[in-house]
Amino acid sequence: MRYAYYSGCTLHATAREFDLSTRAVCSRLGIELEEIPDWNCCGATAAHATSHLLSVALAARNLALAETQEADLLVPCAACYHRLVTARKEMSENPHLRERVVRIIGREYRGRIGVRSLLEVLDHLDPERLAAGVVRPLRGLKVACYYGCLLVRPPAVTGFDDPEQPQVMDRLMRQWGAEPVDWGYKTECCGAGQGFSNEPVVLKLVRDILATASRAGADCLVCACTLCQSNLDARQGHVNRVYGSDFRLPVMYFTQLIGVGMGMEARELGLDSLFVDPRPVIRALG
Amino acid sequence: MVPLNLNRAIKEGARFVRRLEAESGQKISDCNQCGKCTAGCPLGFAMDLMPNQVMHLIRVGLWAEVLESRTIWLCSHCAVCTTRCPRNIDLARVMDSLRITARREGRIGSERSIALFNEIFLDSVRRYGRAHEFGIGLRHNLLTRRPFKDSDLGRVWLRRGKLKLGTRKIKGAAEIDRIFSEVERTEDGR
Amino acid sequence: MPRTGVFVCWCGSNIGGVIDCPETAAAASGFPGVAFSTDYKYMCSEPGQNMVIQAIREHRLDRAVVASCSPRLHEETFRKTLVRAGLNPYMLEMANIREHCTWVHGADIQQARIKAVDLVRRAVAKANRLEPLFESEISVTRRCLVIGGGVAGIQAALDVADAGHEVILVEREPTIGGNMVKLDKTFPTLDCSACISTPKMVAAATHPNIKLYTYAEIEKLAGYVGNFEVTIRQKARYVDHEKCTGCGTCWEKCPTRVPSEFDAGIGQRTAIYIPFPQAVPNKPVIDREHCRYFATGKCEICAKLCPTGAVDYGQEDLVLTEKVGAVVAATGFGLFDWSRVYGEYGYGQYPDVVTGMQFERLVNAAGPTGGKLLRPSDGATPRTVVFIKCVGSRDEAKGRRYCSRICCMYTAKHALQVLEKVPGASVFVFYMDVRTAGKGYEEFYQRAVNNGTVYVRGRVSKIYQDGERLVVRGVDTLLGRPVEVDADMVVLATAVEPGSGAAETARILGINTDQDGFFQEAHPKLRPVETHTRGVFLAGACQAPKDIPDTVAQASGAAAKVAGLLSSKWLSTNPMIATVNEALCTGCFLCVPVCSYRALEPKKITERLPGHPPREREVAGVNTGLCQGCGACNVACRAGAIEVRGFTNEQLLAEVDALCQ
């Protein structure tokens, strides 16, 4: 199983552990990742809030590069996934747009490859093969699976699971022995995009998500988006300061927890570089 | 309050509506003001105009109020509205189009910070091909005159080697710059 | 000594979940006259009924008390059970321990148990005094009267006629067709109203089973179900329709012009006229009030020009009677006269503020403008048209509190018509709600929106004329701001109300009207086309505001009821009616005016008392065909001479005694 791998900018910076754990887990599961040579930023929210054409063109260059690798594109980060999958869909539905974009990026693009999120790929793996990888089940770990916005919405674009009651991550966590909690904020926006400019607004959203997860009895949050992870993790201290709360909920990438289940070391998975240290929770698993 | 002359307002707003509909691919009059977008909007609590009001103001020609609102910049494009709209309106896309229009027409109201962030972010992408979080954060802090905002987070990231002070261009950086120029040229040519 | 059986039903958990039914049955076994008592889960079920029959046979019971639900639900069921057991069906008394007890006293089980036993005791006390009653049969005249020749009346008449019964169709206007034929197009399919209604008009007029009276009104309805006699006044037309060929010379040459009722006052007609070219019958009448000859004694142009000598100024009203077995009231609706009360909209003084019906005529190809949308004041094409909904509807202060049901849809239609007829026009609709409950209706409304109609949520507070324009000042509540529209024309969706003369028709027919003046149906859900007067049925907007599809459906429903009634030559009557003890009756006749069904009237009897010569005197008599057994006369009778069978004074007092124990 071979994929063209799009890691994205943050996976080389603040979300380095997502890249680390993705590569480690995939290699263990026999998923071959071939990084797209000289990939560029997908444009993120800044591009589509500035120019629709630009947002498609920036993503399209990566799609065009991946096409030369003749493999579907695999994207761990939900934000990048969203941009790439949107661009792909828009160009496939609008040949006129595709022609225009091809002219702008100066590369051939035929729309032959698919864009897959890592979660989706893992969900389609043979369960027995997955089960064979579990050496240290996450037994008793109560996890709140947080899907956020960009994986699931709009469903017509992402086509990912159920937009209101997604289950993919819950299913995966259950396979690894963890106990996903039922909670109401699985797909509520955390406002990460506003982090730079409107922190008070974002803190309220983060607080609500953390509080709901805590009330549901979660030991930690699991997510699939770099924006969400850093927002929920790094701003927990600010939330506690502003709201006088005492949240200490580790926020991990799903790949990190899978890695733990596979018996990997905390350092290998970047568990030591998060704000809220997840290691006590992991250690408590025994 | 002086009554709004609807004939005039709608007539004067017709061109804006046409352009917005072309830009977003959404039909403004499709909205029947059920308010489900507002009901589900996670940022609604901080907005000056509710999402459904945005649609209505555009419909009756009061687009200037919309362009200058905080709302269009507070919208996080989470697309809850789009997902749940009974009339299949992609309101998140409309919000995008409004941001694009506001920027193009230089009508950004009091909520400038996000627009500025987008500009800095894209500037980084244009120059290097990728987004350099450290540089972007720093520039944004300086330009918004809040030099120490999130510096506690930055310090941690730096210490853990997650933020790199230096910048490196991708090989195709020139290609990316050309993409930006081409897009600008195409859009100006319209 | 009576042998009464008591049967207590659990009704599943409806009753059994609240009270202890075996305990209630046990308590009943001690009441006087009770020879047997038991309980069962569902007494109305097949095994339950068989249990009743078996108990009657085994214990030689001669009457039964069923303690269960409302008699409205299952009295008929258990009467039939008694018949199967060989008893007279009226030897049954129901004790309603569900609606009157467990459903309302579930919160206080102790009191519910006591009340259930009380209710059964009451029923037993009455049952012990029941007498067998017997139904009688009356003959049925297999003809039907339909009042009103709009689409409701036409449909009902056609359906009854097709079922093989003779129909008398009476219309007060010179033509049939009613309101529907005035409309231009019909929502939501936009088919031409005349195209779909005129063929029906012709079909009604030519049907061999339909006898048509136009320009005629009913004056009196006597008799009762199966045997009515209706008095019809054929108004003088001053034209002999036998001779008239409908050539049109008279109305072309008539010098008098008056506003046309058919065109809602915006067009004109002559004094000798047909309301519109496709009128049925297609022959004129003379409007005596406006005719120059009748006013001045001079003119006679029509009479002089008529090639067949059909004009007859000496014609007089004709009063005739017809016998029928059933009546369908289909008298339609009227429109709220906004100009009397809506000063803020100009009291009708601005010529370009028109009603929805006037708009229909303005866009109708057969209307006064030939279908061109021109505003009344100066004949200019209006470029901005404002529609205001709920004018008189949902307005408790000035109009009526109810929703008129059709305005949302016809306003959407009007909006589409303006957009179609005037390219580039601006159309605004001020509304409080948009109600589109009907097949294809919401889609139709969306079409109006998609085509560019601007719907503004809010009422209009004021309209005033400012030069050539009308300024419409309203509110957009979604915006939370007052708004203004400069309009060339304003169309008001005026409320639907009972037709003029509805109250009088109700009086003649002996039926009730509701709080708004519409004819009252017997049950809002289960008997929507019947009235409380047996044999009188309802069709169309005379019962409540209704659109065409619902009107036609109800008309066919009424026709089915009529056909059912007329399907047999004989009809059995309800024996539970009033009866007069002639010896006690003093002939005061207080009972006559209290009877809603006109079932009581004075009659002469010859009284023979021992030791006295025979003498004639007047006492009250009951028409068994008309009496509905309501008991109003019973209450009014000071001498205690009137009783209702099945509810005699003795029976009622026994019940009261039992309850007061």
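First chain written, first letter: the chains are A, B and C, and each begins at residue 1.
Here is the rule we use: contacts are C-beta pairs under 8 Å (C-beta built on N, C-alpha and C of every residue); 3 or more make two chains touch, one makes a residue touch a chain.
Predicted model only: the values in this text are computed from it and were never measured.
Shared contact partners of chain B and chain C do not exist in this assembly.
Ranked by number of C-beta pairs in contact, the top chain pair is A-B. Work out the mean CA point of chain B and of chain C, and you get 60 Å between them.
Averaged C-alpha coordinates give centres for chain A and chain C that are 66 Å from one another. With centres defined as mean CA coordinates, chain B is found 23 Å away from chain A. Across the complex, chain B is touched by residues 9-10, 12-14, 16, 38-41, 43-54, 57-58, 61, 100, 103-106, 149, 152-155, 163-164, 187-189, 191-199, 201, 204-205, 234-235, 237, 273, 275 of chain A. Considering their complex, residues 1-7, 10-11, 27, 29-30, 32-33, 52-53, 56-57, 59-60, 62 of chain B touch chain C. Residue ranges of chain C in contact with chain B, taken from their complex: 384, 426, 428, 449-450, 452, 454, 456-457, 473, 476, 478-479, 481-486. Contacts from chain B toward chain A in the complex involve residues 23, 42-43, 45-46, 74, 76-80, 82-83, 90, 92, 96-97, 99-100, 103, 111, 113-119, 121-122, 125, 129-134, 137, 140, 144, 149-150, 152-153, 156-157, 160-164, 170-172, 175-176, 178-180, 182-183, 186-187.
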